[in-house]
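Lettered A, B, C and D in written order, each chain numbered from 1.
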Amino acid sequence: MLSFVNDYSEGAHEKLLQRLVETNRESLDGYGADRYSESAKQKIRAACACDRADVYFLAGGTQTNQVVIDALLDKYEGVVAASTGHIHTHEAGAVEHTGHKILEIPHKEGKLIPDALEKYLKAFYQDENHEHMVFPGMVYISHPTEYGTLYTKQELQRLSEICGEYAVPLYMDGARLGYGLACPDTDVTLPDVAEYCDVFYIGGTKVGALCGEAVVFTKENTPRHFVNLLKKHGALLAKGRLPGIQFDALFTDGLYLELGRHAIRMAGILRKAFEEKGYTFYIQSPTNQLFIVLENGQMERLKEKVRFSFWEKYDDGHTVVRFATSWATEERAVRELTALL
Amino acid sequence: MLSFVNDYSEGAHEKLLQRLVETNRESLDGYGADRYSESAKQKIRAACACDRADVYFLAGGTQTNQVVIDALLDKYEGVVAASTGHIHTHEAGAVEHTGHKILEIPHKEGKLIPDALEKYLKAFYQDENHEHMVFPGMVYISHPTEYGTLYTKQELQRLSEICGEYAVPLYMDGARLGYGLACPDTDVTLPDVAEYCDVFYIGGTKVGALCGEAVVFTKENTPRHFVNLLKKHGALLAKGRLPGIQFDALFTDGLYLELGRHAIRMAGILRKAFEEKGYTFYIQSPTNQLFIVLENGQMERLKEKVRFSFWEKYDDGHTVVRFATSWATEERAVRELTALL
Amino acid sequence: MLSFVNDYSEGAHEKLLQRLVETNRESLDGYGADRYSESAKQKIRAACACDRADVYFLAGGTQTNQVVIDALLDKYEGVVAASTGHIHTHEAGAVEHTGHKILEIPHKEGKLIPDALEKYLKAFYQDENHEHMVFPGMVYISHPTEYGTLYTKQELQRLSEICGEYAVPLYMDGARLGYGLACPDTDVTLPDVAEYCDVFYIGGTKVGALCGEAVVFTKENTPRHFVNLLKKHGALLAKGRLPGIQFDALFTDGLYLELGRHAIRMAGILRKAFEEKGYTFYIQSPTNQLFIVLENGQMERLKEKVRFSFWEKYDDGHTVVRFATSWATEERAVRELTALL
Amino acid sequence: MLSFVNDYSEGAHEKLLQRLVETNRESLDGYGADRYSESAKQKIRAACACDRADVYFLAGGTQTNQVVIDALLDKYEGVVAASTGHIHTHEAGAVEHTGHKILEIPHKEGKLIPDALEKYLKAFYQDENHEHMVFPGMVYISHPTEYGTLYTKQELQRLSEICGEYAVPLYMDGARLGYGLACPDTDVTLPDVAEYCDVFYIGGTKVGALCGEAVVFTKENTPRHFVNLLKKHGALLAKGRLPGIQFDALFTDGLYLELGRHAIRMAGILRKAFEEKGYTFYIQSPTNQLFIVLENGQMERLKEKVRFSFWEKYDDGHTVVRFATSWATEERAVRELTALL
């Protein structure tokens, strides 16, 4: 059975496994204080062109969003997000579990539009009842977004300016950041992300690691006692070496971007095949996730030979489904799938 | 200065004060176990035509919403509300503070539409990812709504049926319930509310009491150890006599509805004046709150002689404002206001 | 039936009721922005000899403890309290409900001993694992304590110094503060409390009000957007006039202390009677609560004629019970009780 | 430098790594629905002699305690633990973060004593004020305890009976369960644990895995929508294969117990050396952690050649330190350490 069901179906890139094996019997400090975590942090700082970046490694994406948002918000604040934001739709209320509201604003192709953000923030402070409302305390975006779309550099810059004017941090969920950065059409680099965001995370779980996300605070703005907050959230790994060694490998010799580029190339072949065969795209995504509208009968037939994801109901006769490529997708599998279309 | 700013500007109806004075030196049990609270509960049960109703008295509306919603939801559940719902817009995140998400669906004139609710619930369970989403665990409505509009009996019945099908309780925020029940155009009675809702509260603070809301569980569905939950939320009044005696008076000789009718009559006079003078209504509200679109200059001039509430910005030149009547509004004041229009 | 069951069995002192009646029809701003609340705040500032004091009125004691503690603690902090502290034993987990731990240290007659506090704080920072523990973020005491005992001025001063050294605020729960201040043996005045505590509350519910506690921040240390935090906790009263008018009356012509003195005088008569008749005191409390060890049979007989509180089991044959006097206790009742002993 | 600092300094047992490598490119379902997780669950059920056991894999110990306790407690409940319990002392308030109180009772050598538990539960329900207190909703123990001590089978049985009488689940934190089960002096087996506990976890992180703890519900008592609750707590791993494959290896051919026995044998050699050289044991621990009282100068000298853990201050001149062996401890290192004593 072919699988395009998601980008976290395989284990880890072999170079990561190899490093885990090589370092296995070394006795290292716990809780992220080991030398490999330190090395990984240094390499991430270099890749971000941000010397003062403060880096922490967590196990998964929802956990990272939950801890970072809870740590950065004040008690009277919530987080602004697009209505399609992952934290708002598919994280089982993890943010609200920490006591904070998600302040939803409309999206465009999964993106939070700068003008809409500015309008929202302005209107909030103009509202005479705002002392009875949840204050906007930070802004959440993901890159790529929930629909695989990408912000332009100009859009990021503009979001950053607006956040600056209202003194709220801009936070980027980079669960699939590698696939965004590797996209040939993007003008956004990792240093751009570090410049425009106050905090973001570099996703490992979906880009070649067994587990692990690297949170980067870029403006000397790490919350006080952040390690304690990680512990309090159940997010502090005793063996910090596990993500540390993997990120050290991911940021050696450009592996992280290389993995991203592979997935993007595989998606490109597939996208072209869908186009040529006249399939309907639900949305134009330039990254590793393709959202296709299938007639339900067609969907059932395809399911017999290939695994993909239900995304949402389109209408009574059609369904939006997702095909995802990844660092692990083999070109042979892509060719087999295109032959089936 | 004339005041139509809201319906909680004055103290309490004199009959309530009188009973507080008359009973003042009686030594009564604390925490709502006194004889007047018991009498009030009995009278509320009778007024609801619901013998098995279980009644508790709390101090205020946001507190009541917070405690009831937190007590009824399971850990994996959130509360469905219209996008304009009071809990979603003007309670400073009190529901999320308890760890639960508000699941927003579109409104129509402030009301949650049965079809939209059904569609939402159906789609939730059809979504193959719903195990990663917040489960709809109860439905919140207010009556009157945030825009002063009212559900019809048929709408309530329909909402109740849908909730029944999905086994989620229907909860009505009745902060201004007295004004809704007293409306001449409504076909909804207090027994109807008790029949169709699983839990609701009868607002006292805005309908003639110094403070106090009466929570009514109608289906032998009081959460276990509810008094303990009240305490845990800081919502258990040591002197339960304070709301108890007041509600005992409010539900003696039909006073509660009488106060409602007075406010509705005053609003009627005012509504007619606005209509006759050609003012623009933002929404057609049949209860004690009138939402008017004023040109900004006109608004400033009116502000010099009468107090009313900012509601929301309409456009750059106009503002939506609210004029509220109440149990305490004097007809003389209404006449003076109409003369100013 | 005689009642010494607690100090919140009656309504309110008549002067408070009278003011509620006199001001009843005045149209006042909501949420504590009315003129009587302002007047009460001014009088409290004067009584505290603390011009910069910032005062807020809440409805009840548990609510006040919950909101103040949650508002003052940082996310990685807990509150230090004596093992017998009210928040630790009898508030249904209201503090933990906000996500914060109570850090228990041993008590002496209900009091938190300065040396024990200092030892605890010192040991915390010496513990090499403290980054994995809950940081002590504030110190909670009550005055009178859970056992009716009082701190001396020197003890308060010492607690204040220790808190200052460790930069954690000292918070006093003054649910029965009036009875403490009115005690003839105390050397602690309200200005002392304001000087040594960073925040405290003046209890109204147990000292002559229908409801209401006045929170006083004494060091220009009010948490940001405190009104919003009150709302978020469901603790913001729409009719702020209710506690405002009552506190305005309590702090007019020294009424608050007068009520305290009355209860203390009544307790004095009763204490002397218990002593003369050879009863065993569980603890020597100088305030309005007397803790007596009764043989169980004797307890049952007494229960037939007078109401008092179960406190705790002493041994299989004896029980600790509490007799409380209050602002409302009549001397006649005290005489009748002493005749029964 | 020799290291006895803890039991999570090395990576994973080579058999686990080997299986991760062998299965690496297999495309597997996410979130724990893969075949290796299923196989691991089946093997754990067999090892527990408990067919109906329901098993979930989480990443770490604090996270597991937090999620399980929050999922099992009702809103009005807290968790009973010994005053030395790990959740009470060294988890940064992770349990309180979920809104629940830890109800502390005295310990004996780190163990929760059945009689003390029974006394506590009995007293709680006898207390006439218990409706204002936190209800005991479950009982937490760890095995081995925070001091490396072990319950006897009889003690476990007795705790289980008491919990049964009061209808509260018994939960065992088995972070180091392998070291407890492998102890030659114990009469407690894994099937015993499954019989007497309602839920427990089998620690992987400290017993040979890169990460991972296996939560076992033994009485068909898995909380509803537990996967959703995991997600909500940020504890659901996308690549559930990571712990699944490791636990599959740990429970193949008795590896888990074999790793435990090795650490216990290493600790035995070390214990004997400490005894022979006249060192003072702080507590008699039969498992892999040895708690020694060192004179401070002696401690500093030893620190130059070997790493161990600060435990707590003993007195001004002495310190309690911990030496831990593990699955990875080499006998050569133990010999070198004994030579230094």
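What we mean here is this: a contact is a pair of C-beta atoms (placed from the backbone, for glycine too) under 8 Å apart; a residue touches a chain by one contact, two chains touch by 3 or more.
Every value quoted in this text rests on a predicted model; they were computed, and no experiment measured them.
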Original post:
Both subunit B and subunit C are touched by which chains?
Top reply: A, D
Subject >> More contacts between chains, C-D or A-D >> reply: A-D
Subject >> Intercentroid distance (Cα basis), subunit D paired with subunit B, Å >> reply: 50
Original post:
Centre to centre, by mean C-alpha position, how many angstrom separate subunit C and subunit D?
Top reply: 41
Subject >> Between subunit D and subunit A, distance of the C-alpha-averaged centres to the nearest whole Å >> reply: 33
**OP:** Would you please write down the residue numbers of subunit A that are in contact with two or more other chains?
**Re:** 76, 91-93, 97, 99, 132, 228-229, 231-232
Original post:
Considering the complex alone, what residue numbers of subunit D touch subunit B?
Top reply: 70-71, 74-76, 99, 131-132, 135, 223-225, 227-229, 231-232
**OP:** Provide the residue numbers of subunit B that touch subunit C in the complex, in ascending order.
**Re:** 3, 5-6, 8-12, 14, 17, 20-21, 23-30, 59-67, 91-94, 97, 205-206, 210-211, 228-229, 231-239, 241-242, 307, 328
Original post:
Any idea which subunit C residues touch subunit D in the complex?
Top reply: 76, 78, 89-93, 96-102, 104, 123, 126-129, 132-134, 310, 312-313
